[in-house]
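These are the structures in question, set out in turn.
Each of the two complexes below includes subunit A, the first together with subunit B, the second together with subunit C.
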Partner chain A sequence: MKKYAPFLLLFILIIFPLVIQNSYYQHLMILVLMWVVIGSGWNMIAGYTGQVSFGDAAFFGTGAYTAGLIASKLGLSAWWGMAFGGFTAMAVAFPFGWICFRLRGAYFALASLALNEICRHIATIWEDLTEGMVGILIMPSFLSKIPYYYIALALAVMSVLMVQIVMNSKWGYYFLSIREDQDAAESLGINTHHYKMISLNIAAFLTGMAGSLFMNYMGFIDPEVVFSLHDISIMAILVGIVGGVGTIYGPVVGAFVMVAVHEFFRTGFFGFFKGLAALTGSEHLTVAAKYIGQAHVLGFGILVVVVILVLPNGIVGDWGKIIRKVIPMKTKGVTT
Partner chain B sequence: MIIFKVENLVKYFGGLAAVNNVSFEVQKGEIFGLIGPNGSGKTTIFNLISSYFPVTSGRIYFKDQDITAFKTHKICKAGIGRTFQVVKPLGRLSVLDNVIAAAFARVQTKHEARDLALETLEFCGLAHRKEILAKSLPIGERKRLEITRAMATKPELLLLDETAAGLNPSELDTAIDLILKIQDRGVTIIIVEHIMKVIMTISDRIHAINFGQTIAHGSPEEVANDPAVIEAYLGEEYAHR
Partner chain C sequence: MEVFLQTLVAGILKGGLYSLIGMGMSLIMGVMKIINLAHGQLMMVAMYITFACFHFLGLDPYLGLFIAMPALFLLGCLIQKYTLNPLMEVETILPENQVLMTVGIGMVLTEIARFIFTSDYKSVQTSYSGATFFIGETSFSVALVIAFFIAVLFTLIMFWFLLKTDIGRSIRATAQDKDAALLMGVNAKRITIITFGLGSALVAAAGTLLMPIYYLFPDIGGPFTRKAFVITILGGLGSTVGAIFGGVTLGLAEAFGATYIGMAFDDMIGLIIFILVLLFLPGGFKRLTKI
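Moving on to the complex of A and B:
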């Protein structure tokens, strides 16, 4: 049963846009698939290799701007970004990793946070190239969401497969060894700096690809969107943590949950507060409804605390624990 | 044949000489004991050999090659394996995966690495524990895992850092058996040890240091009867009885 679950999921995902014609749900699913890609990348460097990164937006934004600039400056199709976005993100990751992998643990995480901010500022200030805060607007290639959906699905499947293949190889064992004990890893003949670089570049490549997809799909980017600390970098970490750090399907589950949570807050609990305000005519509730949409970062924070307390290994990592919690409840329900 | 040699090894931590002008040569195939009281610099010498920190001065040679400036991972590839006094298991990996990760130092495919790992686990007597997470092993078996992992990198020279410390008497005997078995495979061993029963029974030659300096070297009997060694371990008054 467990063996066939991924194929079942893939089948459902393939027929999804044919069954569900509502473009809002299709939009959400495209975002979920995009986050599977980014989450898989984050999982590679942070979950498996143990080098926690707070700077995924640097790679995401680079990929997005690559696609955007190819369209706006070179006049080519932004889809060329899908070919180059991953590599430009690697071009950012390479010097960063080369220098900053001399740092360990929290210090590396802080450096990656700095990388995020540096990229955002460059994109904001270098107006000749990036148009600064004005952003880049391109014409979407397709009116329907279905082509985007299948491209995103292909990318997501590729990411999951890539992580699976890498983790079954020598590289995978080396990444895990580095996570568990860097000194021991060195004594086993593992060039830790070299393999951390490989891991980071795989992560950057996937994240950059996701960024290029985002540009093509959304048609508009600006530095605040694609280099956003909380909406990209922190969200990537949450996808990883909620789904399960260091598990192949963790980012898949995490992406579903986090996109839902993000949307839940963005719409003010699916319009619950707005409805309540209209119903009661209360002014306070109207104000609350306005702010609750912007409070999703607070919601993320609370979610992290809850997940770490209840499911420290994420949903996939603690799946056995969840099942054990649920099944006794069921049997109790039957007997009474 | 001399397989390994250190010449005038010096290491300063700030103003403190942790290792001061130590030289020794190790013959191929022998068990070479390194002894000394706590803080005398034994583990520091190991860390210098495996390049965890750079030497202040001096040279290290392995198979006539100067390896002083090699990085840690290259030392392993060159054929020097080591264990850690404070064990460093890859905690959330299974025992088998720990050894597979090590085996990749010599083979490329997962299949070969698995075969080499299983064979090494069998050789070191840890095969029955292979599915267990390394962090849930008791200390005796963690020490054994350290040796197994080092052996999976197919070393020609093995540095054992207090692999017998904290073992009970029966574990001690199996540990001694294992070390002798490794020697039978043609692996040269340098062993740091506090337990005299171990070091005196298995060493071919012993090098004693105190405060980072050589105080005696020779056969186990010679070193055990050396006044400087007795003084270092028991105090001055015992040395002249």
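Moving on to the complex of A and C:
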């Protein structure tokens, strides 16, 4: 059963837009698939190689701006961005990694945070190229969401497969050894700098592709959207740690959960409070509904704190623990 | 020449405050070996406390120091005790969980501030906020000069505390070698709690001193966290003396950058310095001075 679960999931995902015609749910699913791609990238560098990155938005934004600029400056189709977005993100990742992989652990995390900020400042200040805060607007190529859905699905499947193939290869073992003990890996003759660079570039490539997809799908970007620390970089980390750090399907689960939580807060518990307020006519509840709608960042913050304390290895990583907590009877039967 | 002198003065005065921010971060860094990414957000909380004291009680911002610092000390102790220390026992793949935790705490603090005080810009207007005096052709902002001297005073007290008192010695011992300190009978857990409290109190002092000349909004924490981090990298990891040099250097660099390059690049300069230090002087000033 476990062996066929991925195929079953893929089958469900393929028939999803044919069964559910509601474009709101299709939109959410496209976002979920996009986050699977970004989460897989983050998982590659942070989960498997142990170099926690706070700067995924830098790669995401670079990919998005590549697509946007190809459309607005060169007059080509923004879909060319899908071909180049990943590579421009790698062009950002390469010098960054070359300089900043001298740093370890938390310092690397901070350096990636700085990269995020540098990219956002450049995109804001360099108005001749990027239009600054005005942003870039392109016309979407399809009216229906279904083509976007299948492109996102293909990208997500590709990224999950890519992570799986890499992690089963020699590189994967090198990455894991760097995560477990960098000095030991170095002393065994692994060029840690080199393999960290490979890992970072794979992550940047995936994230950049997701960025190009975002540009094509959303049709509008500005520096505050695509280089956002909270909405992109922290969200990528959350997708990674909620789902399960260092697991192949962790980002898939994490993306589902996080997009759901994001919507949950944004819509005020799916309009629950608004409905309640309208039902009872209470003014306090209307105010509360308004506040809850604005509180998604607070919700994220609390979620980070709770997840790290309670589920440090994420839903997939701690699955056994969750099952044992929920069904204590079953484990008793197994152990005795 | 006048412009140059003026920029120099502004940079050094600002640098004094930056050192105070950097010192708190270095202390926490030295003892716990983690980077506190909620540092700027703690400063933001202190600034709001000062603002609230001024707004509702009519308390002078400098008197607000006596409320903001103990409050932040307490907040820092609670954060360390109930969120960061339990993480040491948790088994996990990622060693940076504590750093992620501070990010989460920073987000929570910012959003709570936004709930209570909304996103509007606030400022504290006092009689000396805009006051200046002149030495030769160079003008000095009264509030900045006072802030600078109080910052120097706190720095001196801090050094006295670290070098001469029992708790200070325990803090330094824990920073040097945690296991050895534990064997010598230092309660390392208690020391981490006190250190986080002290770091928060120092950054609270910096925030309160900035209040009369600066404006305030909930997102102000992020830029200051980044500044604190640039200062720590500049000064050398976990070095308190380095943090002072780092703070003054960043202050000067920002002032000269703003004067000769452009105000828009204010934030970029710190990041550019950060990359230059990594390239040419990994290890920061600590490596030059050997302190």
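One rule holds for everything that comes next: the second predicted complex is superposed on the first by the 314 of 336 C-alpha atoms of A that agree within 3 Å, B and C clash if a C-alpha of one lies under 4 Å from a C-alpha of the other, contacts with A are read in each partner's own complex, and residues count from 1 in each chain.
Criterion: a contact is a pair of C-beta atoms (placed from the backbone, for glycine too) under 8 Å apart; a residue touches a chain by one contact, two chains touch by 3 or more.
Given the structure is predicted, the values throughout are model-derived calculations rather than measurements.
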item: Which of subunit B and subunit C A:H230 touches, first, second, both or neither; value: second
item: Contacts of A:P312 with subunit B and subunit C, given as first, second, both or neither; value: second
item: Partner chain in contact with A:L298 - subunit B first, subunit C second, else both or neither; value: second
item: First, second, both or neither for A:G105, with subunit B first and subunit C second; value: second
item: Partner chain in contact with A:F220 - subunit B first, subunit C second, else both or neither; value: neither
item: Partner chain(s) touched by A:I118 [first = subunit B, second = subunit C, both, neither]; value: second
item: Subunit B versus subunit C as contact partner of A:F142, first or second or both or neither; value: neither
item: Subunit B versus subunit C as contact partner of A:Y24, first or second or both or neither; value: neither
item: Touched partner set for A:E186, first subunit B, second subunit C, both or neither; value: first
item: Shared subunit A contacts, counted only where both subunit B and subunit C touch the same residue; value: none
item: Contact set on subunit A toward subunit B in their complex; value: 168-170, 173-174, 176-177, 180-181, 183-192
item: Residue numbers on subunit A that touch subunit C, as the complex places them; value: 46-47, 50, 52, 54, 99-100, 102-103, 105-107, 109-111, 113-114, 117-118, 121, 125, 179, 229-230, 234, 237, 241, 245-246, 291, 294-295, 297-298, 300-305, 308-309, 312-313, 317
item: Of subunit C, residues touching subunit A in the complex; value: 34-35, 37, 83, 86-87, 90-97, 99-101, 103-108, 110-112, 114-115, 222, 226, 229-230, 233, 237, 264-265, 267-268, 271, 274-275, 278-279, 282
item: In the complex with subunit A, residue positions of subunit B that touch it; value: 50, 52, 71-74, 76-77, 81-82, 84, 88-93, 97, 100-102, 104-105, 108-110, 113, 149-150, 153
